[in-house]
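So, here's a batch of structures to check.
In the two complexes that follow, chain A is the common piece, with chain B as its partner first and chain C second.
And then the complex of A and B:
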């Protein structure tokens, strides 16, 4: 029975590697910049949603305030580069560490809250962060930061002529987020998180320190999301509070996981691959009023999913597998 | 050697209600002790104090020669107190084996070792055939068994069983009794709360009867059931007169 388990783990790893290689080959055939742009965003949201899933899916602490960490990552990288000339690679790391620390500092009071109260707290805190950045002159306040362009280079992680470097970086990011999840899934932390989600009281009786489990999940989750934020800042090269810390990012991190399957390994990727292109397409093809239409699309998808398949779309695959046995 | 578990004049008050008053009990290594008493006697309160869910208003709890009164539940588990819940609390979205692995992870962080231990415990508790089923899909009797399995995976010195035999069919309850005996044979001390006397009495070495938050009687099960005070507590004054 153990070998069966080990086999499943190995199969997951091989599947992921194959998918990554396939994804890496796509740009050889797709030269259209618009589509490439869409692929970059899809991979980025896959990575973000995967990271969100660690705290909210596995550990069950639903956060609708992860835009805060996304924005912190973006701002840390941009500010360090602009004010001190620190390379974005270090900015990325710094953003991750700062976000992880802030996530734990916020978790300290907030993890005493349960269920809806926790969700409300995360929304409010992210809004406070947004307001602070709106009024923080040194960080560009509401005007934002224009990241100075210093020519294409991997060192400065800036590319003006081609989207491809961003594509490959986003792919690596998605792979890292997936791999971290995969690795944690079969570790003490993975088991502790799922136990905490299902029943904190029982978990505590089995030696699980519930509070520490939540803190660990929050730190890992915030770190990865912040790295995504750093990447986004480099990708769009102009940031302001609304465009990196707005509520829509919190939503866009949660939705792919919810759509694909919350608390599952493949859910976020599957959800992102469906949701993000759909969003971009409705935005551009339905024209100027598209902003409203993509929201209608989200809404309908969520309603459909919660009616037809509350466990998310990945359950379609597992059901078929079970039937085949 | 000192007793494995000792409560020293423990009091627990909830506002004006005194749930435990001056309760001093002890459990020796290798015993099966039954904690019995009518509804509202304070059994569950005492049980939660021992497991570390709540702290006593007054008094102290000693385990394995150390004062554990201020320690949280998780730390007590690490020290060797395992427990089940009266209302089962399975990890419903996890498979049976994963439920047990959570318990095993207290003693090791090596996943392969935890998995091996979990299989061993499932074999021991007769759940091996259900290892890959979701805990949420188990029937109630199996869920009770899973509670015991999970607790055993933490390798407890003392196992606290909270009404694991209540509400089972006679044949299920019989299997439960056998399981508890088997557990004791492996060297685990058992303290069990029950209010169904017929099931517990043949099983336990010693019975402690609580009533209105106090220790009413204590001793061999055969003596305790004949104690007029105990009969009064369970059946009311009129029945006591005849004995």
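And then the complex of A and C:
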């Protein structure tokens, strides 16, 4: 049994490495800027959703307020760069640490809450953050921040001429988020989280420190999402409260994991690869009329997948694999 | 300037608005109490009720006060259909039941918003020159807007009617029994699906009623539901999931807190007070004020 498990783990790692190499080669053949842009977003949401999945999928604490950490990452990087000239790489780290600390500070009272009370608390806290940034003059208030362009360089993580550097960074980020999840899956924490998700009382009685497990998951999850937010700020080079902390980000982070398979290793990536191009394509080809057809297509898809495949789309693959054996 | 008069004035309008929030939220509370499902398309139910009211007024010159029962009846059918076509299957999900419920109703919300944009365009519309629109009454120097006043009265009437319906009628008892144990009621010949469908219909009808009143004094546009939906979730959770009358209390608290916040903070921050009070309450009492779980 054990060796079979180890084999599976190794196979997962090899598969991921192959996929990453393949993804890295794609820009050699795809030169279209629109498609490259779409690939950057897909990889970014894969990373975000993978990070969201750590807290909400593995540990079972469903958060619909992760936009807060995304926004904090974006704002920390942008503000440190604009006001103090701090390089985005340090800003990214700072944003991650600040978000992780805030996640734990918020988790302290929130993790007592269960079910819908917890979900609503996460929405409401992110909304408060959004409103505060809206009214915070030093941080640009509702007008937001235009990140000053200082020329293309890796040092300042700014590229005006090409999307490729962003593509490779997003790819690395997605790989890191995947690898962290893969590594945690077979760690003490991973087992604790699943125990907490299934039955917190039983877990507690078996010696799992439920509260600390949730705090750990929240910190890791928030850190990675904030790094994604920092990246996004550099990528779009203009941020305002709605565009980095709005409720839609909380949803866009959750949806790939939910549709692909919540609490699974491959779910978020699979969900993002399907969902993000679909969103972008419907928006630019049918949504351009401004008549909501993109929303109709998108919404119907969410309803259909969640009803037809409650375990997520990854379950399609595992079934085929089992049948093949 | 904070004078006693302005404070009383805003408390009075906060109370009226709060009763309306309670009416908007009660459908959500009813459905949750019945089958532990949160309808994430609740705001969109409100949105289509407001559109229905608007079009009945614009095309047939039916005043919102008269069209309210029609809109409520239409929403009853709509709610029952949503249960039979979507929610019935969502609650059957064996894996990730909670997630499936959230996202199937949420997907429905997005579709409804898209349909509204498609058919009604994103334009802001409003019911102009209705019987109550823009009128106020003065009670002892306090000015009360008539639409909100009528809304508050309708809300109280609806809660009283709901109380008698749940506690004094056979169907109300069937509703309660199904809530307690959906498996056991099947043994005594109650069709679970029928009870749930009627529950959804009733919940939607109550939103229909509040939508008709909201349309008198609020703009109608495809995204109008979103802002009220969050207030409705907070209202229900504050009152406590599983308690229909918690929504009534929750609504009043939310209305008053919003009014008081607007007095002391800039208007754009008026929702912060509501959110803060919600957090405060559940941190002290994790199952809301009157919640059963």
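The rule is simple: the second predicted complex is superposed on the first by the 315 of 325 C-alpha atoms of A that agree within 3 Å, B and C clash if a C-alpha of one lies under 4 Å from a C-alpha of the other, contacts with A are read in each partner's own complex, and residues count from 1 in each chain.
What we mean here is this: a residue touches a chain if its C-beta (ideal position, glycine included) is under 8 Å from a C-beta of that chain, and two chains touch if they have at least 3 such contacts.
The model shown is predicted, which means the values in this text are computed figures rather than measured ones.
After superposition on the shared chain, chain A has more residues touched by C, the comparison being chain B against chain C.
Residue contacts after overlaying the shared chain place A:293 against chain C, while chain B stays out of touching range. Using the contact criterion defined above for the overlaid structures, shared-chain residue A:135 touches chain C, although it does not reach chain B. In the superposed model, A:79 makes contact with neither chain B nor chain C. Once the two complexes are laid over each other on the shared chain, residue contacts for A:40 go to neither chain B nor chain C. Of the two partner chains, chain B is the only one touched by A:195; chain C is not. Legend: residue contacts after superposition of the two complexes on their common chain; A:116 is shown touching chain C, with no touch to chain B.
Within the complex, the chain A residues that touch chain B are 1-2, 5, 186-188, 191-192, 194-195, 197-199, 201-210, 263.
In the complex of the two chains, the chain B residues touching chain A come out as 51, 53, 72-74, 77-78, 82-83, 85, 89-94, 98, 101-103, 105-106, 109, 111-112, 115-116, 119, 131-132, 150-151, 153-154.
Of all residues in chain C, only 32, 38, 86, 89-90, 93-100, 102-104, 106-118, 121-122, 222, 230, 233-234, 237, 241, 266, 268-269, 271-272, 275-276, 278-279, 282-283, 286-288, 293 touch chain A in the complex they form. Chain A makes touch with chain C in their complex at residues 62, 109, 112-117, 119-121, 123-125, 127-128, 131-132, 134-135, 251, 255, 258, 262, 290-304, 306-307, 310-312.
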